[in-house]
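The same chain A turns up in both complexes below, where it pairs with chain B and then with chain C.
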Partner chain A sequence: MAEKLMDIKDLKVRFKTEDGFISTVNGVTFNMNEGETLAIVGESGSGKSVTSLALMGILPPNGEVYEGEMSFRDKNLRTLSKKDYRALRGNEISMIFQEPMTALNPVFTVGYQLRETLIVHFKMTKQQANIRGIQMLELVGIPDAEKAMGRFPHQLSGGMRQRVMIAMALSCNPRLLIADEPTTALDVTIQAQILTLMRNLKEKSNTSIMIITHDLGVVAELADRVIVMYAGEVVEEAPIYELFENPLHPYTKGLMASIPKVHDVVDDLYSIEGTVPNPANMPSGCKFHPRCPLADIECTKIHPALEYVNEGHAKRCIKV
Partner chain B sequence: MKYLFQNLLKTIPVLLLITLIVFLLVRVTGDPVSLMLPETATEEERESLREALGFNEPLPVQYFTYLGDLVRGDFGDSFRYNTDAMALVLERLPATFELAFASMIVAILISVPLGILSAVKRNSFFDLFITGGAVLGKAMPSFWLGIMLILFLAVNVQIFPVSGRDGFQHLILPALTLGTGIAAEMTRLIRSSMLEILGQDFIRTARSKGLKEGIVVNKHAFRNALIPVVTIMALQTSTLIGGTLITETVFAWPGLGQLLVQAVNLRDMSVVQAATFLIAIFVIMSNLIADLMYRMLDPRIKYD
Partner chain C sequence: MLIMNEKEVAESKAVEDKVILKVQNLKKHFDMTKGLIKKTTSKVRAVDGLNFQVYEGETLGIVGESGCGKSTTGQLILGLLDATEGHIYFRDQDIAGMSQQELRKARRDLQVIFQDPYSSLNPRMTVEEIIGEPLVVHGLAKGKSLRQEVVNLMKLVGLGEHQLKRYPHEFSGGQRQRIGIARALALKPKVIVCDEAVSALDVSIQAQILNLLKKLQRELGLTYIFIAHGLPAVRHISNRIGVMYLGRMVELAGRDEIFERPLHPYTHALLDSVPIPDPRFRKEHLLIEGEIPNPSNPPSGCHFHPRCPYATDLCKQKDPAYEEILPNHFVACHYPLLNKNTNVLPS
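This part shows the complex of A and B:
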């Protein structure tokens, strides 16, 4: 049995707005094992990014975790001091973001931004950090790494910037890498390169990866296990093959059906009708029922629990 | 370097235009001869003085004579003091620089910490207090603030001298007077600039790296927030050099502003022309310096 890396139980996150508190993550439960790659899938607004920011302890100033448990390698993240949390961030847990264009500081060189993490966490000297930084850039496939250290972010292409982000995130050998839509903002050819890079790096190190995406292609490429989120809840959890072979929740099925396939010529691309509900105005009962093809009167009343149908495969639906 | 050279070349037509405008303005505001001779002087005496000073020549001829002298570094003599006009202006320059520099320091010392803090603690009581204070500081006329400072800190409690220029002690009140007004504007600017930057993705990245909040704010955010602030600082510096007449008058500070207004009142043409010429050079220079700093702070702006 693999060792448990992190555990989230019944996590709830809310944001303070002018109209009072709005809860965007409503009782999320999942865990990760060492060395595992977990994908969190969902539309924008499903609470997947907020969950990861909560785990990192870097929610925006108006956001807060107000219920639930989060632990990482037996440390309780909710009671961790600011200082201990800082020592964890960028070191044991690190993160790469969706927009490589804006995620790097425009006024500092690549080298400065790479060295910074190493100096803070490993107490390296500038020279040591420089050597390690160059190694990291070489590892993520940046040509002429030494020269790249002196470049500013705007002098690099989007794909190169994302490589720099990955180098930065991996420089302290984290146990967990959170990748929030790492390929969404990139060209398709670059997307494939970045995914291949991530898979290769994963094989070399024992880093666990939590990949947040709305792209099931990315999921198929990388993940061992998948969590599908909808309206701040986990609606399905399954190992990767199981999910693609036998999706249970109508929302997951909808996501699968909306992937275009080359062989089936259809007039219209399938899409799930409607949009993600506004967190300020959640539907009663099952939160997916207004968009669900199977929904009946029962679904408007009963809020289904997450039930395991077999080992590792759970769904939040009373109809399947 | 090439950039600097190009910009220096561009300043030549600007300076020429300024000399022309000032030259014409001092000549349409009245005849200096009537102020230089006693009331009882005859028309012949006035005419011969005009001739001696070259005022009987047509304006274009006078202008080119003036330009020719200027190129040779001769700004003419002051009618009033009978000495070299430029020498008079240069004599006042240290006082003006001293006050401008001290005021800028006061402004920076006040606005940088307050601007950053009120952005970090946005919408808190502290932020409200600072933002309110900044509006007040901007609305407060400098002559009033100057007089109040004299009243409280030089008359009631005699910590500082009332007026004049004689060492560091004398510098504090006028620098506070001028610095506060600039600080008010800069605080608001730094606050809004910081707020914008603190919402950027790279700040989230900096936090995700496990950096201390102080480093995130003062290094990652402030370095970016400083870029628009530098422009305002340069504009304020040139204002400080060109005209702080009111504050100089309140504190009897022997600066350029005072000399210039005196010269205008006495139609002391050479002094007016020499002073405006020098001020123009400093305004152009501080803009050039701002431009260079801008490029230094923001690597996205390309050189040349």
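This part shows the complex of A and C:
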């Protein structure tokens, strides 16, 4: 049995708005093991990104965790001081985002930003940091890494910037890498390069990866285990093969049937009627019931619990 | 023999009759200027010699990565950009050489659906005004008949009459895209250019819009030019697919043919890069080295040669001709992958 890396129990996050508090994560529970790649899948508004921001302790100023437990290894994240959180973020958890341009500082060179991380977190000298920086760029497949150290972010292409981001994120040997839509902004041939890179990293290092995406193709390529989120809740959790072979929740099934597949072309796609509910106005009972083909009167009243049906496979539905 | 020939002539004529749009040697070069006096320093060859036809009632998908010129091609077809060279025949008229006034008329038949339903709808107009605007501008309806026409269009795309007086911000992304589609349909166009029409939508909404576009095509006999970077959606909706690279069409074939037998090395790698949403089909992807070169300074000869595993000196020197090397399968490559198994679909 692999060692547990992280545990989230009944996490709730809300945002203060002009109309009062709006809760976007409503009791999320899951855990991660060392060396595991976990995918969190969901559409916009599912709460998948907010969950990861809460975990990193970088929610926007109007957001707060108001209930639940979060622990990382032996640390309770809810009581962690700002200073300890900052150390944790650099040394043990790092994150890469969809648009690397927003995360890289445009006025400093790639080398400066890579070195800074290493100098701050490992107390390296500038020279040591430089050598390590070049090694990191080589690791993520940047040609002519020494020259690349002197470049500014705007001088690099989108794919190269994402590689730099990954190099920075990995430079401190994190236990956990959180990747929020890491390939969504990239062209498909560049996406294939980055996914291959992440797959290699996964095999070579013991870094756990949490990949947040809406793209089931990316999930199928990388993940060991999958969590499907809808309206701020986990609606299904399963190991990767189990999820694709035997999806249980009507939302998961709908999602899988509604994506066009290059290897299986149908005349008309299945479509999930309606739209994702507004967090300020959530449906009663099961939050998916207004869009669910199986829903009946019971579903409008009972809020189903997340139940395990077999080893590692859980669903939040009373009809299946 | 003679009879056969006559039959062949008749058949080829029948096909010829169905061509609704014909693009010939189409080029669009943008001048890059520098300094106060706007001295031209270089040219970006966004579109660099395109030839293709679109048949009535079909969906032609155009795919390619950033900077390949697919969106510029769409804008040229719509007359939103002036071509530097070449022709775009819509039926018998050349859109590329038209005056603004003539273009206005032609635009009734050529409409567009944009990617972003947030920025393409005027936030100060009601849905009724947005959908009705083309009818008013072209003087086709007013008063009660205008209202009726707008209501009909809304029903056609799955919106309700009660939403007439609402503003765009009151709608979700998918519904806004429906508004954009209703507006595009208002003038009863023959051809609709869908420029990344579903790319910004959530997956469950994307399916609704793709199904709607297919339904409208069946009911109204529309022709689509579906420009997108998302290959699964393009494969789903298209009859034929063209692949662009650095301003040129490198391959064009039927939607199954191109996935089962890509002939151009770029097409092969591009289609192989698509992640398949099924873990049983995990595989090593064919990776293309390097990145797309700057279109202001494209490589000599075949634009793909610096990244192509099969390139030779010939590829560096000579631009390959774009030819129909198998029936209805066009490719621009000196060494098409004819005797290789290039099927990218899992079996």
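In this section, the second predicted complex is superposed on the first by the 316 of 320 C-alpha atoms of A that agree within 3 Å, B and C clash if a C-alpha of one lies under 4 Å from a C-alpha of the other, contacts with A are read in each partner's own complex, and residues count from 1 in each chain.
In this text, a residue touches a chain if its C-beta (ideal position, glycine included) is under 8 Å from a C-beta of that chain, and two chains touch if they have at least 3 such contacts.
Quick caveat, the model's predicted, so the values are computed rather than measured.
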| item | value |
| --- | --- |
| Clash-or-fit label for the pair chain B, chain C on chain A | fit |
| Chain B versus chain C as contact partner of A:Leu88, first or second or both or neither | first |
| Touching partner for A:Gln191 - first (chain B), second (chain C), both, neither | second |
| Per-residue contact with chain A, leading partner among chain C and chain B | C |
| First, second, both or neither for A:Glu43, with chain B first and chain C second | second |
| First, second, both or neither for A:Pro260, with chain B first and chain C second | second |
| Angle, in degrees and to the nearest 10, that opens at chain A between the C-alpha centres of chain B and chain C | 80 |
| Contacts of A:Glu116 with chain B and chain C, given as first, second, both or neither | first |
| Chain B versus chain C as contact partner of A:Tyr66, first or second or both or neither | neither |
| First (chain B), second (chain C), both or neither touched by A:Pro106 | first |
| Superposed arrangement (fit on chain A Cα atoms) - minimum chain B/chain C Cα distance in Å | 8 |
| List of chain B residues in touch with chain A within their complex | 200-202, 204-212, 220, 223-224, 227, 297-300 |
| Residue numbers on chain A that touch chain B, as the complex places them | 56, 58, 86-91, 94-95, 97, 99, 102-108, 116-117, 120-121, 152, 154, 165, 168 |
| List of chain C residues in touch with chain A within their complex | 65-66, 172, 174-175, 202-208, 210-211, 214, 229, 231-233, 235-237, 255-256, 259, 269-282, 284-285, 287-288, 291-292, 344-346 |
| Partner chain C, residues of chain A touching it in the complex | 43-44, 157-160, 187-193, 195-196, 214-221, 223, 240-241, 244, 254-256, 258-263, 265-273, 275-276 |
